[in-house]
Amino acid sequence: MLVVMRHGAPAADVERVVAVINEMGYVAHPMPGAQRTAVGLVGNDGRVDAGRIEALPSVVRIIHVTQPYKQVSREWRPESTVVTIAPGVSFGGKDVPVIAGPCSVESEAQIIRAAELVRDAGGTALRGGAFKPRSSPYAFQGLGVEGLKLLVRAREETGLPIVTEAMDDEGARLVGEHADCIQIGARNMQNYSLLKTVGKLGRPVLLKRGMAATISDLLLSAEYILAEGNSQVILCERGVRTFDPAVRNMFDLTSIPMVHELSHLPIVADPSHGTGLRDMVTPMARAAVAAGADGIIVEMHPEPDRALSDGAQSLYPKQFADLMIELRGVALAIGRALPPSPEL
Amino acid sequence: MLVVMRHGAPAADVERVVAVINEMGYVAHPMPGAQRTAVGLVGNDGRVDAGRIEALPSVVRIIHVTQPYKQVSREWRPESTVVTIAPGVSFGGKDVPVIAGPCSVESEAQIIRAAELVRDAGGTALRGGAFKPRSSPYAFQGLGVEGLKLLVRAREETGLPIVTEAMDDEGARLVGEHADCIQIGARNMQNYSLLKTVGKLGRPVLLKRGMAATISDLLLSAEYILAEGNSQVILCERGVRTFDPAVRNMFDLTSIPMVHELSHLPIVADPSHGTGLRDMVTPMARAAVAAGADGIIVEMHPEPDRALSDGAQSLYPKQFADLMIELRGVALAIGRALPPSPEL
Amino acid sequence: MLVVMRHGAPAADVERVVAVINEMGYVAHPMPGAQRTAVGLVGNDGRVDAGRIEALPSVVRIIHVTQPYKQVSREWRPESTVVTIAPGVSFGGKDVPVIAGPCSVESEAQIIRAAELVRDAGGTALRGGAFKPRSSPYAFQGLGVEGLKLLVRAREETGLPIVTEAMDDEGARLVGEHADCIQIGARNMQNYSLLKTVGKLGRPVLLKRGMAATISDLLLSAEYILAEGNSQVILCERGVRTFDPAVRNMFDLTSIPMVHELSHLPIVADPSHGTGLRDMVTPMARAAVAAGADGIIVEMHPEPDRALSDGAQSLYPKQFADLMIELRGVALAIGRALPPSPEL
Amino acid sequence: MLVVMRHGAPAADVERVVAVINEMGYVAHPMPGAQRTAVGLVGNDGRVDAGRIEALPSVVRIIHVTQPYKQVSREWRPESTVVTIAPGVSFGGKDVPVIAGPCSVESEAQIIRAAELVRDAGGTALRGGAFKPRSSPYAFQGLGVEGLKLLVRAREETGLPIVTEAMDDEGARLVGEHADCIQIGARNMQNYSLLKTVGKLGRPVLLKRGMAATISDLLLSAEYILAEGNSQVILCERGVRTFDPAVRNMFDLTSIPMVHELSHLPIVADPSHGTGLRDMVTPMARAAVAAGADGIIVEMHPEPDRALSDGAQSLYPKQFADLMIELRGVALAIGRALPPSPEL
């Protein structure tokens, strides 16, 4: 950590910063420069709370050299973490699993049909929302527990493991009981109470990046889960807010190699929410795999025209089957592979 | 709602859109243009879920003419809502109350001293975090219930009503019991479970804008609370994400007149989080009042150098007292007034 | 400048960084930390090109402690610069001059009428575009030299000095001949050839912030003008790009106190472009003055309904006259003053 | 175009909008809705200036249904444009050419060595800046005309066509004389005088997206060039401003399929500026090809450690050679191909 003093700071102010750093148990390293003095704090174990120093007189700003997270960092654990949500379905290794399914679970027929289509095209896991976070209180909010049971039925039929979202503590416990992986949505990425709850549950977690979260914010949220003892965390890029009305979100694929550099956790990409437009899903799913994504999560609906939510970004079954073929080619080109579906 | 068809869409696709609109119980109004056809949906009561139409063939995009929220809109209720959190402390009328206090409750001595300083300078209410959402799991997380009790002690000493944050359902119930106004923080603005909970509690709610929330998103989150029967909602501008590293957030003061145009709810401004820099707080608090803010919420600490959180953006007591004098002048210049503190 | 090495960087890489810094004529200051080593570069005069060091092996990133600009900084010149564009019309002192007029010069009658309305309401200078940068090549591009001559006619009639935009070298020379202050628009903020040209012309320059420029970028662009020997630069906040479709731009008023802290140059605010909506102009102009703006530049059209450009953000004459009264009140409340118009 | 009236707008205001639309020569189509009336403007040929209508009383906002550009749109010209900058070097067909070279031309030895390395690895064209737009006036500004001559020497040696930037009218003429393709940089994307100049020169133009330009803005800037009679325009995605300090820019690869949908012009991607970090260049170049980019432009320096600019984002020669191999694989997987270099 580097403490930058203002131009012309009196010696007494610099000394006070040094004294406070020492008092906190670290080593202070003053660097008088041509224009201003900076004081290095040496020995930071990633837990220094900068607030106290930032408030001292003549301190202009604090520069963090060390990342604020710890257990999620690759420096903490150099080898990549592989998260296995079901036998043969792993994220973070050579495989690039594809999680697909409708935005919402709507009926038994719909979710079972969706699961069959996913399986038949070579998809690896089934997604589908039972608890839905909707911007409007008047929009369809999901079938709740009933939806979870239908997902379980679809797993029984197809063998595909289930990934579905939880929005609160009670939901997390229910999802943890029924599903193979608990999804935390973008809107709840900094819902720390929920993060602690899923940290304690011990189930694999798919943590989506918040709408305006930096990569550091995303890793810090994952740190909340690891700090509770659960290291089975899959990160997910799903696009961030943008000034360009042409797309719903800006799909930040650079986050994929960046997370691989900074952290040992796997990261998957969601081109459906990442673009918000059906026609963009296929090229951007290809791009995500080429960028090194450890998996793809994509919306596919048996009949998008009749979807109760997000129909416009859901692929048609035929589009999904074609996508799978294209993704196999791209994965192969970079030395990775789409897994065979669990059924085959 | 306007449904834009792609250039050269076949007549059958246009007819299908018309049919679906009629089937949904609304009136379709096709407008064949020089380059493309658009179909107007007339009769939208704010509850149309666009997803189904958006997914139809040849539909390029959906344009929303009507706002997606309802009870929070000024069209729904033309006269401004006045939210009273304690006798004589109202937001949304002529008064511009000032809520001040430390980021976190740290000790009995600290919070009582802070409350006295707020009261003596003419502040109207006391803020102070008992439950703290921190980006890092290793940062100080607040004193919890103990902090709530200390806030109550400070209210007994000074008569100032209390505003403090809740982060989950259990916290909301506790805060609702002890405090005069429940704050929902930026990170939880779209935690819909929590919004429903505070909607049911019936206590006044201070709802902060999320880090990348549009004004429409903020109003939709408020709609969740009103939809549960609680109309005592104060909105709060606290800055949004920015590309400029010079400031912590971009303080979007235009949201103030914009909310006044779109909604009947009061809106206050938080220049401490809105800028993240102590030296910017005073000019930006003045600017917020000049823009028409219905109140100011600001961080002040008896000893910022010893604060356990956010010290760098907390005002010194003397700065706060000076700020109050400046705010009185600006409020007066635009025909409003800072209220006398409840004690006087 | 601080050079951060990666975790586990070999000693040879650290030594190479030290050697390169010494070779460049600065002093290297290695700081071995608990997790990684950082090397301070001491003696930076603001001209170090970081590229060379950034490219060395094991260098993770470069942290700039010193600002990259020089002559525009308040450290270089502590007292505020006052820019006088005509006798009695100064920016950067106690006065808060108001520059007003239509987006485009459309006809002799229109611009003279506009100038009279500005003068009669107490405005200080006349704005009006002769050369117009328009997003579309098919939109009205301005009257060009003819427009400049009409502005001169309006100045003869009313005594108001003229501020108008130049878009290229030839235009800059023409504007420099006829007008009192050359405006550089947001789209040309980083058109360095144009900045050098106006730097050489010696006329006062009003430099608008680019659509996604940081405050540091804005100051660096001003540095281009000062580096040519012209210190008569007025900066202008006019809003930046935003994810919120509710407004055309996000009006970043914090840039005003921030520029005052970092630079000696005056800064004015443009609430017309800063919001893009007529109803937001008055509250946000008040807010800008309260934040400490050294002037206001605002669009007013004798008949906005007939404007050839930007009609929707232009004030009606009556609104402008009312605005002037409100601004006088706010200026007074913070110890500043709107100047009497030159004619009075 | 859709004109939205405010809730409760008097009939007279609606009639006035209708009258103005008719007066402008278009057909008005009023749609009275449950909450408000909207008026459709039918017959828009892409040249309607909305300003006049936007300013009418009771008009809340204008919604554009038709895109504001024309000749660049795929509706105007359905078949893709192929831009050929030299025999065998074409953008917009099946080939995916790779343009590579140093940020700046520094010396004869450097640029010839760079060109040889590009050619030997299979690159298709040489990039290298002679005129450099630098944020700071004190940074290296390029060798100017001398640099152009060195580029010509490198072309003589290797046969690679040259792409280099022009920053003003005089520079554009010089670049047009010496180089095969004139680059317009991000900072000058809305320098309309320069766009008109290169439109008249008739040489192929590589137009980079501005730092906060929407895709629509980028296409409108291209429209300026086409409107002067030059349709040889290659667009370029190079990242946009972001709130995340982890990267220099946010590389918006969705712009590639989006441009392909909206326009017939080819689009290439620049992962060097798009990320600003050498380690991100290779994965993001692969991702760009997978997303459908019509070419790649990348920085490679014979000795990045000694580069006078942008050393940190320049690839080492070995990295570039490896990149070429990876790109061939990805291109093949999606049915495209990297061209053999012109020399082979």
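As written, the chain order gives the labels A, B, C and D, with residue 1 at the start of each chain.
Everything below uses one rule, namely that contacts are C-beta pairs under 8 Å (C-beta built on N, C-alpha and C of every residue); 3 or more make two chains touch, one makes a residue touch a chain.
All values derive from a computational prediction rather than experimental measurement.
Participant: Taking each chain's centre as the mean of its CA atoms, which one is most distant from chain A?
Facilitator: The chain farthest from chain A, judged by C-alpha centres, is C.
Participant: Applying the document's contact definition, name the chain pair with more C-beta pairs in contact, C-D or A-C.
Facilitator: C-D
Participant: Per the centroid of Cα atoms for each chain, what is the distance between chain A and chain C, given in Å?
Facilitator: The answer is 39 Å.
Participant: Roughly how far is chain C from chain D, centre to centre by C-alpha average, rounded to an integer in Å?
Facilitator: Whole-Å distance between the two chain centres: 26.
Participant: Could you pull out the residues of chain B that touch at least 2 other chains?
Facilitator: Residues 46, 212, 240-243, 245 of chain B touch two or more partner chains.
Participant: Write out the stretch or stretches of chain B touching chain D in their complex.
Facilitator: Checking each residue of chain B against chain D gives 2, 4, 7, 29, 31-36, 38, 40, 42-46, 63, 65-66, 75, 241-243, 245.
Participant: Given the complex with chain B, which residues does chain A contribute to the contact?
Facilitator: Touch list, chain A to chain B: 46-47, 49, 51-52, 54-57, 59, 62, 68-70, 133-140, 167-169, 171, 187-188, 190-194, 210-212, 217, 220, 223-224, 227, 240-241, 278, 304-312, 314.
Participant: Using the touch rule from the top, collect the residues of chain D that touch chain A in their complex.
Facilitator: 212, 214-216, 240, 242-247, 250-254, 256-258, 261, 274-275, 279-280, 283-284, 286-292, 326, 329-330, 332-334
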